[in-house]
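Each chain carries a letter (A, B, C and D) given by its place in the written order, and its residues are counted from 1.
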Amino acid sequence: MKLPLSGIIPPMVTPMCERDALDVAGLERLVERILAGGVNGLFVLGTTGEGPSLSYRLRRELVERVCRQVKGRVPVLVGITDTAFVESVGLARHACETGAEAVVVAPPYYLPEGQPELEEYLDHLVRELPLPLFLYNMPSLTKVSFELETVRRAMDEPRIIGLKDSSGDLIYFHRAAGLLRQRANWSLLVGPEELLADAVFAGGHGGVNGGANLFPKLYVRLFEAARGGDVERARQLHEQVMRVSGALYHIGRHSSAVIKGLKCALACLGVCDDFMAEPFHRFRIEERRRVERHLGELMAELEALGL
Amino acid sequence: MKLPLSGIIPPMVTPMCERDALDVAGLERLVERILAGGVNGLFVLGTTGEGPSLSYRLRRELVERVCRQVKGRVPVLVGITDTAFVESVGLARHACETGAEAVVVAPPYYLPEGQPELEEYLDHLVRELPLPLFLYNMPSLTKVSFELETVRRAMDEPRIIGLKDSSGDLIYFHRAAGLLRQRANWSLLVGPEELLADAVFAGGHGGVNGGANLFPKLYVRLFEAARGGDVERARQLHEQVMRVSGALYHIGRHSSAVIKGLKCALACLGVCDDFMAEPFHRFRIEERRRVERHLGELMAELEALGL
Amino acid sequence: MKLPLSGIIPPMVTPMCERDALDVAGLERLVERILAGGVNGLFVLGTTGEGPSLSYRLRRELVERVCRQVKGRVPVLVGITDTAFVESVGLARHACETGAEAVVVAPPYYLPEGQPELEEYLDHLVRELPLPLFLYNMPSLTKVSFELETVRRAMDEPRIIGLKDSSGDLIYFHRAAGLLRQRANWSLLVGPEELLADAVFAGGHGGVNGGANLFPKLYVRLFEAARGGDVERARQLHEQVMRVSGALYHIGRHSSAVIKGLKCALACLGVCDDFMAEPFHRFRIEERRRVERHLGELMAELEALGL
Amino acid sequence: MKLPLSGIIPPMVTPMCERDALDVAGLERLVERILAGGVNGLFVLGTTGEGPSLSYRLRRELVERVCRQVKGRVPVLVGITDTAFVESVGLARHACETGAEAVVVAPPYYLPEGQPELEEYLDHLVRELPLPLFLYNMPSLTKVSFELETVRRAMDEPRIIGLKDSSGDLIYFHRAAGLLRQRANWSLLVGPEELLADAVFAGGHGGVNGGANLFPKLYVRLFEAARGGDVERARQLHEQVMRVSGALYHIGRHSSAVIKGLKCALACLGVCDDFMAEPFHRFRIEERRRVERHLGELMAELEALGL
């Protein structure tokens, strides 16, 4: 894996056909669809992948199937975030054996840690990991942030190779970018796709954007335009990303709406089933009709953009 | 198990001697110490028990050992809170096989659910459970509360048998007590020990109080005084509980301080090891000295109270 | 004013007939109705009194009219909470001139202060005040809490005479009660009426409860029962308070619902107009009908209780 | 005033020499220093200007003095945010009489409003205002946000002319920018200076940035580079803005640190006194030394950039 890892690394949704069962054919179609879009990596078992909602058995099966199918075409990153240290390490070892390239960890998210506790946790964790580690900043879900001083110290540890920031706080991201001069091979990636262009202008290396499950080429092109300094093209593609977000992620009332919208849209396109792990459930018929309608408009807009 | 379950049901700390290894002898001493205090149940794998931080293997071992040792003297309740539905169910089945009496679940705590999603989750969960279920309201850690309307609906489901409220919000508790007339065998228990007396005056059936790991008799006597309407004795014992809380739970700076304080005090008394699961660690020597000093004072005060 | 101030000190709603105009006749009726209930003081310009929403001119007029009418029958406390120090002091001086007995201040609530800043603020404020001061803990609205260490230090200042806690956090209240042995004439009062009985059992001196605008005798009797250790009577009256709260404070969807409910009920009873200061507005007809219906039931229940 | 208002409109600090007294000479120097930097407007009585902490008398004096000195060289915007409707209107009328061009209002910030209540408030407010109105989104301080649907509706009201967003949430800003096609003369401005470049790339019209009190030219040049699409120059100046922010805004521990840092730096440069309104106080000697040291470095860096 070339470091810093850059470009678009979609946080893959997990296609399922019923409780604790993968939609195997849908998973294959999804992986191929995403890779065909020119992405630079694949991140499984993140938030969008409903990682924490899946049984450990299914998590392992997913990692195996994805690694086998990707066959090294791009690096596979595996989310190992867990409240139990031992389970995180076990999943990382399995990921290593099946051919993944790196693991990704957010702070343990039940009892909140202080920053010194979080630093000690990272220190102990990397010793047990057979793969390099990305930090995953997601304070709205984990309650605890990787504070910048904690990130700065983590950059002294060669086995930690980057930060994916999903805080939505671009000021934090700018400050994290200010640390890049400390270490040449550190990757700084952004979560929310609405901030992809901004993050690249800020010096970030790319995005882990949910919408790239659906329209990978849109995000790849936006990344390239922003990196190349083509402000006009970046603005145009960014506006299209805002339209995807506006059309698909706010149909449900709860915070599960983003994943529900993505899975439903993929199901409408015949890519994979939209079954969701508990405590969530796929959209009912009314919401699905809205997704279908919006999807038609988005497809037409993308065609007009040559995508 | 007699319903409603009432009295003191301590949320047991999990004695460990190293990562992923129980302190077996300490566990036995701890169980006996607690039972000798006259408690009415034992709750394992809760927040105080560091449940979410433990490997599934260790969780199962703990449940087995505790059930074998308790041998039916009091009901054993097992925490099955998890972000993964399948793992919660698996743990519940294991708990049933080893002789536990009930399971306890807080809302899945990574992606926050809306209340309708939470209701559907409960509905699906109880169908799979071989044991009756307590709800566990702990919004500071799970981000999601069991809203009162959700509790009210859960009371229509006979397999759900009670609510443990650790919100610290006594107005919520009063409202939950207002629902008791709906169902005679519903248990309403309170988490924070500082509110035990208030909760009993409010109509609650007892407490799941961390301090009862250490001084079970104090909490049992306070419960009895409050239930019996002995205001003066309840006030006196409540003040002693406030002293335990003030002396032992605020020594560390982070929210792990309560569990660290409890485990450290138990270690000082020779009951069990104070090893903690990641991402936390036992108190260092300076904090331990403060615990020892406070413990000495508390023991003298308890003796003066005849406890 | 006898210290500690104890009993029921209702936070009076501010009767208005249009923007920036008092409902003078309604105000007189309201004051008499409250005093007839046996209360021990009157608190004007608090949260329930919409203090921060009123023009300074109207605040001064209100204080004058209330003091003139109360004529020393009970102490009048005046809220001077403000983001501008100079305005707080100005209002306090006016309150002193018109015959008020004490002033009440919550932390300045725009830019949040740290605790050392808050302590320095109190220190500077008391030097300028011609009247003794109550602290008002209301973190949900001011964002900043009077931390217990700050309260403890404030107790060394003789011109600060008490704490009204509206946090709803009874554990905090218990800890504040634990400080009472430090100073004999310090008053500890509770805001939320749902916690009045608990607060008195905890050692508090009384309540500043919104519902006492409407049914002052109910709160006075509950206070007396709790203070006298009559657990059964206290429980019965507490349940009635819960019914008032449940019936009247949750009709609107926003946090203004409590004040809207109180003012609407007073208007239904012909006591005063229910006009509200911007940014709020009286209930429309549908909500008013619900208030009327609930009010009828509550009146019947109160009669059955001999109130 | 040309609409949309664009460029840099500094939120002016309020120079004071003691409680409730302006530093008149310092104020004149500050105004001239800012105007010499090429700014497009001046915003007084905002958060940075400690507006809510000042007496009404001083607020009026400040508006008068600033308008008299600016003499129409740039538009003066006056913050009228208040919890009391009548005081906001009174201040707006005074601002109109003294020659200000517009007023700025954040949601009333004591009791939180629901969005329908906020809309009704705006509706009633604009009817009373003699000047056009900017909305000021500052949820961390007001607790209530102008939700996007509320902004969209406000854009139908011609007397509301723009939105200053200080949420720090760039996704919100992007969505607000998506509304711009609805109305040609609507101004969209950003608060946090760390997001100025991003905001302009996003389609925003400029910034209301605290640092422009100190180094107005830096912010003006950054705005021009971003608007002109000069990515490299924008990046270079943005990095300098990050250095100002990193060096001066985090010296104190509390959220008052930004204003304290700005005022202290201005005092070090001999521009104006750094007295602060209660509940805050100027930096003590140790913090001031750190400001001085950082200021020396920043001045050298700015010179190297030709600023």
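In this section, a residue touches a chain if its C-beta (ideal position, glycine included) is under 8 Å from a C-beta of that chain, and two chains touch if they have at least 3 such contacts.
Model, not experiment: these values are computed from the prediction.
Within the contact network of the assembly, the step distance from subunit A to subunit C comes to 2. Over half of the residue numbers at the subunit A-subunit D interface are used by both copies of the sequence. The geometric centre of subunit C is 36 Å away from that of subunit D, both derived from CA atoms.
Here the CA centre of subunit B is 50 Å from the CA centre of subunit D.
With chains as nodes and touching pairs as edges, the resulting graph is a single ring in which every chain has exactly two contacts. On the subunit D side of its complex with subunit C, the touching residues are 19-20, 47, 50, 52-58, 83-87, 90, 107-114, 117-118, 120-121, 124-125, 141, 143, 253-256, 259, 277-281. Residues of subunit A touching subunit D in their complex: 168-171, 174-175, 178, 192, 194-195, 197-198, 201-203, 229, 231-232, 235, 238-239, 242, 246.
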